[in-house]
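Notes follow once the structure below has been shown.
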């Protein structure tokens, strides 16, 4: 770095970002790690080597994460392609509804799948009538199916903007050289949008590793790391802090390793593409249109089955845990709005603030990392990814311990909830932002600077608008996953600061599915309304291609 | 395969860019499209390739109607105006792409790729990515990529615009060589007239989405049919003049008060026409030259062009003409000097106004 | 503001692209960089702008060291080789961008934008996005965007490469006009020599990251100092010859077995040198012309170039020379014809081999 | 200050308790919900500046590991609680009593008679049809298998275990039986009964004839509770007769007090009519690791491996 570098704002911003990450990510992390060193008994690693169960949990988790990532990609990328490149009836729904899968409590999702494919499931019983026995939904089958149909959304959201921005002339070049359109796409588009796909695949991978709710309900004999960590940390009965830290470290290490690989691959694939020649979405008509939108519709519909459970449940009479299916009532909804609107307000407020902070921070930081690299930026990149590797519980404990008194007392405030949100979801914006930035040519930025616009202004006036689709999709993803965040906020919230997911968790845990469904429905609305308003009213084009 | 286009129309949204264009390019012909920026050259090329859908009319390749055929089945090669190199692939892989798409494999591909890149002077950058190339180098990769597959129809959109004169000449020769070798029907878009005149079998001068004149280089340059063509190709002086027929093939005209004789290219009787005078056909001399008709004028300004000097001169009545002088001492006349412009009646053509 | 570059080096990774380059461009000068594809023109321009860091040396603007100054403080305007238009902004907003960055507001901005776009012939596409423009139109927007801010230093990277001859001439004039008006120091990269020769106050011919000759257009064209410059600018015939000094300023040389007289540009005594003969200085005639030294030869091939014809001729001993004929009947000589090449000793220069 | 209660209890129970505390002590309470492990960790993390006052409720085993962030409190209400439920120093206060039951979905019996005792469930016909919370994960599960290993002879025990499907989610057990995923589930009475009370007629509760197990649940005072005396008042209110009756009515929590007749309020049998097999909690806690290792090695039913 030469002297002139310090006359630009970038090194200073990098330092600021690093400092913030240090205080809010590294410092809490330190607490978690020191806990592992002061633990009693044998070293966690020795215990681990002796423990065949934990070892098999690691193996299973890696396998599950890989397979689910693969399936999610196989579902998410084609769906993103269809959304970005075609226009058809009901597209808005097909493109926005998958978001809901991220919102519905995973317990509900698991239960819905069981109602269909479980031992007593509708389809299972139907097939049994014909003497067909499908494999038990508990174990691999159920884990892979239910997780793939939730997590494909991450891939879908992360890829759609990249496809929208892809220079369509490259596809034409490939066709002019004699490859059929479909092959051209695979040969030419796939490598260019690969950073975006990889970035979202990484998210899926980490989400699977950290998944607890579905793992615990459907896992049964398949031992998984997240369940093992939970057992070692917060399960009833004896807890083993050393083991928990060791297992948590393993999960951090796995994610960091994957992140490292991911970075290497992305680094090889820094392709600048000519901007502004994204293909216009083509109208789909006739048989092909029916086929494509039908296929997309089916995928979305399958992933939305849990929503049906919620929607029906919200209006069903219940007593205790027993649902009186077929008897309708408005009492559940009434309870949400009249009896206890607090969580609704809290959720909107905290998640709204957190989304703004998180998106602003991650956009700026991904810009630093991709376009203004200096000695600090690789570190920033890694540190900002660490939250991916931490389960919400671990993060929550770390935050509580770090900011309970001392130089920054935050426990018992709303700030700590927002902080937990920001830290947990910031990596989403980071991955998305970086992916799109790799494709923006430097000469565009230089053009602005040569016209006398200082670097930071150039970022705001030229780079940011070009990143807008990616920022918008990151914002939507952040908003969605923040509004529905549970495990970290559950640890740091205080009386009167309950959010919707906490309320839903309480009700589900109490077996009150009908009330939980009512809150769930409101949660879905809370998440979708701003997204729909943004896309229709303000014409934020998620799939922008001008 | 020859290309036959009949009554083609192409639109962008509501705006018609090409309307009712018809054109025949015989098999193995090197055809050049010449026309001003924005007249629809790229659009026409893209329509021939199949990327821009025709809103009317028909395109045939060797008699077969391809109007509805998808691009990858048209056996074309195309050089895009802004290259469209695959950013994720090395130079070699970019060039190999089309060969591999045809199922070719193994060392044969590598050899062809290397040979093609050497032909455009890029044998040393095989494993670089496009981002690490200069503008002209990228353009040459795009060219090699299209040439290496020996397409039946080769479409090139300003493929030499970023190359220097020497390289241009050299690559032009390579293109012509390959084109003749494999009898490739070629459509070449250029803004460089000299290139068009020197390479082409046939030239089409486009204006606002139509082909205004189609002909051999000599026809286009020496006998333009419209003022537009005369002016666009070779920047002719044009002035409207009263016409009086005289001897067979000649007419008498009045220019800046002087009566002169010119060639009749009016294609029918008329009492006025457009006098077309190429700058290089106007000779400047200090005094009238005996036996040559001439026009008195004054030098307004001049421009040094290396092998020649271009003068702007003013005749009586304010008529401004351009003249070019070659050979030793071509920059001898200072602005302000009174001179005489001499020319041969054969070099002065009068066309329909 | 003049530009003074001393001992500049620029690297891409380990590869040195520019090494020890020094250059002085006086204030208000129109300076052109001429050089083959890949020689480092774009790189030099980017270094002057401040986008590519210098690995050694110094750049001064008007006496002030700007080597470490960030680009946006250098008061430059730049036209990028790949245009670099803002894809999400309209044409008008692209052009207005620089004005707004300077804090200008209101109808003044709109007026200036409109005027700038009209000057490049694009008054009608103000509200389009770049994607809906043709290649040449995009290039003109890029130009308007850089010109409208009247920078102190204007850097242009092949700004006219996608324009047709007529438009080119017209826009060249616009550029020159603006440049003179505001006394802008201009660095212009082009591959078009004619453009370079006609527009420039000063030309630098680059070769492999160095400036090989710096001079006025006449100096560069008429008195090239190296064979490379002679060949690159104007494609001269070059042949190594034994030299014998004769009368002052002249030398005797032997070409293809014939003894001839040429101008001495050897800059010192030598017994061999490089004979440089421009094609347009070689006159073809059926028989030797009295009082003019000449060389017998045979026409090998010819190329019609509209205003002239380029001939390739072969002398005794297999020496191939290029000659160009202008004026009426310039395409008169058929391949295979025996001819005589005449030239003036003043037009034949012998330089250091 | 208003006391803040960290509670693992279901919403209806919490709401009932809040009402009683308001009524008896005039205190408005803040509520933080979560699993017992999560909440205890949270108390531990907050020990420098505690945010909560009362923890309510979990098993003594679970809470044992967090004694250093809790504080003994001998509530006057404890006089109504049998001595054998109380812990040394009154570190925790017995809040209620859980009884292990077999929850049966009669629709899934395929015509077979409902089981009456543990050994009925050892029949190979039950393979894969009984769900049980993971002993490694839940104290309920641990209590059950530990007790079964003591109650049954080795062979029946093994045969029974071979029929079990283990779920790492405790709440999946009653849910799974109610949905018909499993014909039987081994779970606390309170969970089974809420389905009976809700009117799901195919659910029946079996108290095994050879004996079943009970677990008390405790509340505790957080060390350095910011609400001070009000926190103690809240615990008193929680342990009061009114509160325990309310909890019995809305959440089917069997009281820890002896002065409440259960059948007056809900359709549950009196404790005295259920055969209880006493287990040694201390021994169970001590041999946990060894027992779990043994348990892990036993073949079980369930999904694909």
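Each chain carries a letter (A, B, C and D) given by its place in the written order, and its residues are counted from 1.
Quick note on the criterion: contacts are C-beta pairs under 8 Å (C-beta built on N, C-alpha and C of every residue); 3 or more make two chains touch, one makes a residue touch a chain.
In this text, all values refer to a predicted model and were calculated from it rather than measured experimentally.
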Chain pair with the higher count of C-beta pairs in contact (A-D, A-C): A-D
Computed distance of Cα centres, chain C from chain B, in Å: 21
CA centroid of chain A to CA centroid of chain B, Å: 56
Euclidean distance of C-alpha centroids - chain A vs chain D, Å: 35
Numbers and ranges of chain D residues touching at least 2 other chains: none
Multi-chain contact sites of chain A, meaning residues that touch two or more partners: 274
Chain C: positions in contact with at least two other chains: 82
Touching chain combinations (by label order): A-B, A-C, A-D, B-C
Of all residues in chain B, those that touch chain C in their complex: 12, 34-38, 41-43, 81-82, 121, 132-137, 140, 157-158, 161-169, 191-194, 197-198, 217-218, 221, 231-235, 278-281, 283, 303-308, 310, 324, 326-328, 344, 346-347
List of chain D residues in touch with chain A within their complex: 2, 4, 9-13, 30-38, 40-42, 45-46, 48-49, 51, 58-59, 61-62, 65, 108, 134, 136-140, 142, 165-169, 171-172, 174-176, 178-182, 191, 194-195, 197-200, 285, 288-289, 296, 300, 302-305
Touch list for chain A against partner chain C, complex: 2-4, 7-8, 274-277, 441-444, 446-455, 457-458, 461-462, 465-466, 468, 546
For the chain B and chain A complex, residues of the former touching the latter: 49-51, 70-72, 75-78, 80, 82, 84-89, 97-98, 101-102, 131, 145-146, 149, 155
Touch list for chain A against partner chain B, complex: 167, 169-170, 172-181, 183-184, 187-188, 191-192, 194, 269, 271-274
